[in-house]
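Read the structure below first, then the notes.
Note that the chains are named A, B, C, D, E and F in the order they appear, and that numbering of residues resets to 1 at the start of each chain.
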Amino acid sequence: MSTRACGRAVDEIRPVTITSNYTRHAEGSVLVEFGHTKVLCTASVEKGVPRFLRGKGQGWVTAEYGMLPRSTHSRMHREAAKGKQGGRTMEIQRLIGRSLRAAMDLNKLGEYTITVDCDVIQADGGTRTAAITGACVALAHAISWMQEQGMIKTNPLKTLVAAISVGMVDGLAVSDLEYTEDSTAETDMNVVMTAEGHMIEVQGTAEAAPFTHEQLLAMLALARKSIDELVAHQRQAIGPAIS
Amino acid sequence: MSTRACGRAVDEIRPVTITSNYTRHAEGSVLVEFGHTKVLCTASVEKGVPRFLRGKGQGWVTAEYGMLPRSTHSRMHREAAKGKQGGRTMEIQRLIGRSLRAAMDLNKLGEYTITVDCDVIQADGGTRTAAITGACVALAHAISWMQEQGMIKTNPLKTLVAAISVGMVDGLAVSDLEYTEDSTAETDMNVVMTAEGHMIEVQGTAEAAPFTHEQLLAMLALARKSIDELVAHQRQAIGPAIS
Amino acid sequence: MSTRACGRAVDEIRPVTITSNYTRHAEGSVLVEFGHTKVLCTASVEKGVPRFLRGKGQGWVTAEYGMLPRSTHSRMHREAAKGKQGGRTMEIQRLIGRSLRAAMDLNKLGEYTITVDCDVIQADGGTRTAAITGACVALAHAISWMQEQGMIKTNPLKTLVAAISVGMVDGLAVSDLEYTEDSTAETDMNVVMTAEGHMIEVQGTAEAAPFTHEQLLAMLALARKSIDELVAHQRQAIGPAIS
Amino acid sequence: MSTRACGRAVDEIRPVTITSNYTRHAEGSVLVEFGHTKVLCTASVEKGVPRFLRGKGQGWVTAEYGMLPRSTHSRMHREAAKGKQGGRTMEIQRLIGRSLRAAMDLNKLGEYTITVDCDVIQADGGTRTAAITGACVALAHAISWMQEQGMIKTNPLKTLVAAISVGMVDGLAVSDLEYTEDSTAETDMNVVMTAEGHMIEVQGTAEAAPFTHEQLLAMLALARKSIDELVAHQRQAIGPAIS
Amino acid sequence: MSTRACGRAVDEIRPVTITSNYTRHAEGSVLVEFGHTKVLCTASVEKGVPRFLRGKGQGWVTAEYGMLPRSTHSRMHREAAKGKQGGRTMEIQRLIGRSLRAAMDLNKLGEYTITVDCDVIQADGGTRTAAITGACVALAHAISWMQEQGMIKTNPLKTLVAAISVGMVDGLAVSDLEYTEDSTAETDMNVVMTAEGHMIEVQGTAEAAPFTHEQLLAMLALARKSIDELVAHQRQAIGPAIS
Amino acid sequence: MSTRACGRAVDEIRPVTITSNYTRHAEGSVLVEFGHTKVLCTASVEKGVPRFLRGKGQGWVTAEYGMLPRSTHSRMHREAAKGKQGGRTMEIQRLIGRSLRAAMDLNKLGEYTITVDCDVIQADGGTRTAAITGACVALAHAISWMQEQGMIKTNPLKTLVAAISVGMVDGLAVSDLEYTEDSTAETDMNVVMTAEGHMIEVQGTAEAAPFTHEQLLAMLALARKSIDELVAHQRQAIGPAIS
């Protein structure tokens, strides 16, 4: 049978919750949960753009990512105390930023910078995909706030983006790996797609064994289905403001 | 009348909530709320002690403090990205660590280190006092866990410690300053006490005007009363395990 | 017509040169050239393994990546002078390291660490794929050297790995993007494969527009063909020692 | 008897010397000695203010603190070589800066920044309180110099500030702890007061045992008396220029 | 006999090769070889000058130095990964910069900065002297380029500078020490001279034993002779453009 | 006439004072003054040697150098606050360390490390030469202390080393440049010699114009004479203990 050790079907994602307005100060604030994985995503709007964009009349969207030291099974060192962000952190926050920018028409944003902070409160696999999925909702909320304030006239959000991790575990293609699967997967692949099912990022890594073309196709099909479900959750959290 | 702009009486603290087991992985995990101020406190137990204590047969308790970038009204730079912790962060985490150690008999802890991470999810004044108050509960939970595991035989927690900020605002001594009061106070004072009302730390700072001996006494009296109330909340959250 | 601005056919890679023994001191040393892109890859063998592997009887392979400040069109700041490696550098060196480890049976390596340094002498697009392709040859040379020294008995290299960048440029799927293509591509995808055509890493990024399933398939097909050609170059550089 | 191990009466401070013009280049330069504790305080006047004050027409006073590596009993690592200032250093320099600003009317200073460097030549307890006491004199000298230069018209120094450490040692409240007392004190408290005896900072820390309200009062009374003596030394060093 | 272990006569330098246009992007690019020592020198022209020179109408020449991790017999840590440049690196790049500036009339350069990067591809002793010798040629090429572009009218290069290491090895004064000599020399001296034989830098260091006045004179005589030979190589590489 | 602007004869050094036991804690402590230049040199003895010397039965001598922020005419940034030591600092402390080691038989020192900290209290030119001259005396004091403690049996100090700056100023060779001369000198040369007049270090730098062989000889002659005078001061400060 194709059931996994975790009890889910191969194409079954964990329960997803997106709680808007989780904190008070940010222009957009979302707690996103994929099962036990919990990420707080806040979108902050600031006037001005980075130096390399000044005077071009367009805006910028960027992201930062962090894990609370005891979001994980054993405590990790705090990156602020170590004095630098690790390679994994930088890789993930670059990925989140690129994914969000792919959903935006930065010319319509005007000379504003939106910084989306994704902080992992609790980790159980898939923090980067939960982060992208939640960050897009926080971004949408921040944009609604900007529209209410009259800071922008047209909606710069072209589409929604969501992300899922898929992989080969015990020879099976499965969706939304939780920690115990993630740490034993033969292959791990993160896929970011638009609401229309077009691809923004595909990052597949052979952990224990190379993967074949057929396995790639199987994983991509799962990703497509799961992302459709995630987008439905996003639409519900955002409401009719952006449709 | 002595009512404050925030509507509270001078000796009235904000609603306090202490939620145990807020996250899954830590040996002790508490979300503490003083009104809108929310701090996640996790206590992590690790074998071994820092180098300067090795071979002395005693344990160690330390603390780290951080603020999520958008826990505040306007976004702060992420310390991990800046590559160092600021002076305020270091000052606060040293204060939390000293306060917790004052409640402990480290000889009874054995050669274990308990690290309490205090991460501010949302800030509205008094984050360091909320952190100390919550951290002590997380520490108590971690110690209960160690007792259940048979790692320690006798309880190393000698007492409970809690903390409150008091200050002079518009000429009045008031307790538990929220952000709008904190930013305009003439004097700001953080007081850490044991459950018995003995002092662990007193840190008073004249912000706008020096303070007199009488004002100091008035603020200390408020602190004593408020800390009694906080200890009652702590006892309720900890339960009968430690009495 | 399907010819590109650069004059090459869509599936035509740039002239590839792999010069072994380019420098004297390293156990394996290779200059790899993809057109004007030139990367020096040196493999250094050192006794011992990182802390997390000690006592497990296995070896380790890791990689570091750097660009000379004026390898690029305009001068970049030197990372050593800035005091930290950027996110792109870390991302690339992690990718190279993972790719090389996928080709190795680390249990057969014994408690040695092989560090492959990939330093870009001249950049014209595709530095990371050239680096992986050359690094694998430098690694093979270092392993031959270890065998000659009697440090290992069986060959820990299971296969060869090579890498190519493919992408969508002006609506066409093309292989081995040079700088002018890279900077205007709609999609950029780096693919790492084994000599057998199995996938080690697939990293596709939509730069200007999302990509479709069909485009993904077209790019993968090009990658497969190009990597076959690269492996032929690798075999020639390595000689009969590893077959 | 109430005599201490060091031979002083409980309320007896160590011999105090304040040497003005100790070095040549600074606008204000003072060597302050509390017994064997020696701190060089130099005040430097620079045009301009930090970014957050620009255009407000007011000035700024800040402080930096350091210890020479062998100012202490055993050699400490040089912070410049370690690449960062420790938490204790930051805490102390923030305290000195706040204390000095409490003595100033920054609006009368104009857009100048005065930086007071406090460098410990020899440490024997009480370096931060000696630093504050000496820094205030160096600041006064720098202000006199500014007046002579015609850079300011009215005196921005509202009062003098001085500081003393008091504590509970062997059950006795004592003033001006030297190193051997400091390292065994039950409680250590630093008090900063104005010449009028109003409080600027009170920082009491239970080192070995919590302290009672009565002990706090006893320590504060000692502090008041000692600071009166210190202010007399300051006035003598400053001369009639500021009275 | 006065022949050295390496087979060269005491005043015989290693074969020197200066290859111009070694890489494509830099305004001046030279690979300089002193025997097995190989250094890539690239000169980059950028508009503007450092802050301390702004508005003075003059230019600036500076240098940076680095070693590839496996340019040496055993692998060195990468300075970018360690997060700082070592003392030796800083010392060398300051020396190169000063030497180049001594050859220039910076007033004739206009408000441009020329940065010469010297990266050691392979080290066998004398990397800093090879770097200076090659850097001067790269600088000359960059200046020719600026003249062709019409950026400057008169030639700011007043003379050529070259450098050689001399030393006392086994009691003999010898020129152009290679690694095996360098590591056993009693005295090591680096000399930078102009084409006219005037001294720019003399840095003599007693490694194993102090050196006498007579030994200093003997080493200087060797340096003069060797630098004459190096200048001949430089002139050949530069061609008639600068004569 | 050959008198300088500063009023001294060309071969006349500034008044030299060497005050032993300037501070209490260090095993050797010296304040050295060359005119207005004042440097505190403390020698600290610690058990053990750096990793690269372990088990070889020999000792180590090293030096660190720093300037107090306002030791100079205008305030310099504090290196501890900037988070790194500059190139000049590293260059100087490496020079001091090498010079001191040249005076020592490290085999006779046993497995101890002596760290000499040279901190500039006031700068007026020649800080590095004053530092070397004073550091050697502090080192001698520390060695006497070790002998008194019975830590070493034979004296590891083979000779004394002292240093002077000489230079070409307004066409004249002069000795012991003070700040106003140093900043306008055509050539600046630092010379370190043993008591016997043998050379340890010669570092000559053309600042404004290259220097000739004859000028070099003139400067060296001045250095020899001045160092003889400095050694006499050293001997007086050390006393008969080391002769």
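Observations, loosely collected:
The criterion applied here is as follows: contacts are C-beta pairs under 8 Å (C-beta built on N, C-alpha and C of every residue); 3 or more make two chains touch, one makes a residue touch a chain.
Keep in mind that what you see is a predicted model, and the values were worked out from it rather than measured.
The minimal number of chain-to-chain contact steps leading from subunit B to subunit C is 2. Listing every chain that touches subunit E and subunit F alike gives an empty result.
In this entry, subunit B maps onto subunit E through a rotation of 180 degrees when their C-alpha atoms are superposed, rounded to the nearest 5.
Comparing mean CA positions across the assembly, the chain most remote from subunit A is F. Taking the mean Cα position of each chain as its centre, C sits at the greatest distance from subunit D. Same-residue interface: subunit C and subunit E share over half of the residue numbers found at their contact. Centroids built from CA atoms put subunit F at 59 Å from subunit A. Remark: subunit A and subunit E have CA centroids separated by 51 Å (rounded to whole angstrom). Centre-to-centre separation between subunit B and subunit D, using Cα means, comes to 28 Å.
Centroids built from CA atoms put subunit F at 33 Å from subunit D. Residues of subunit F in contact with at least two other chains: 83-84. Beginning the circuit at subunit C and passing next to subunit E, one meets the chains round the ring in the sequence C, E, F, D, B, A. The part of subunit C that touches subunit A in the complex is made up of residues 84, 86-88, 90-91, 93-94, 98, 102, 189, 193-194, 196, 198-206, 210-213, 216, 220. Residues 23-26, 29, 36, 38, 40, 42, 44, 46, 64, 66, 68-75, 78-85, 89, 115, 117, 119, 121-123 of subunit C touch subunit E in their complex.
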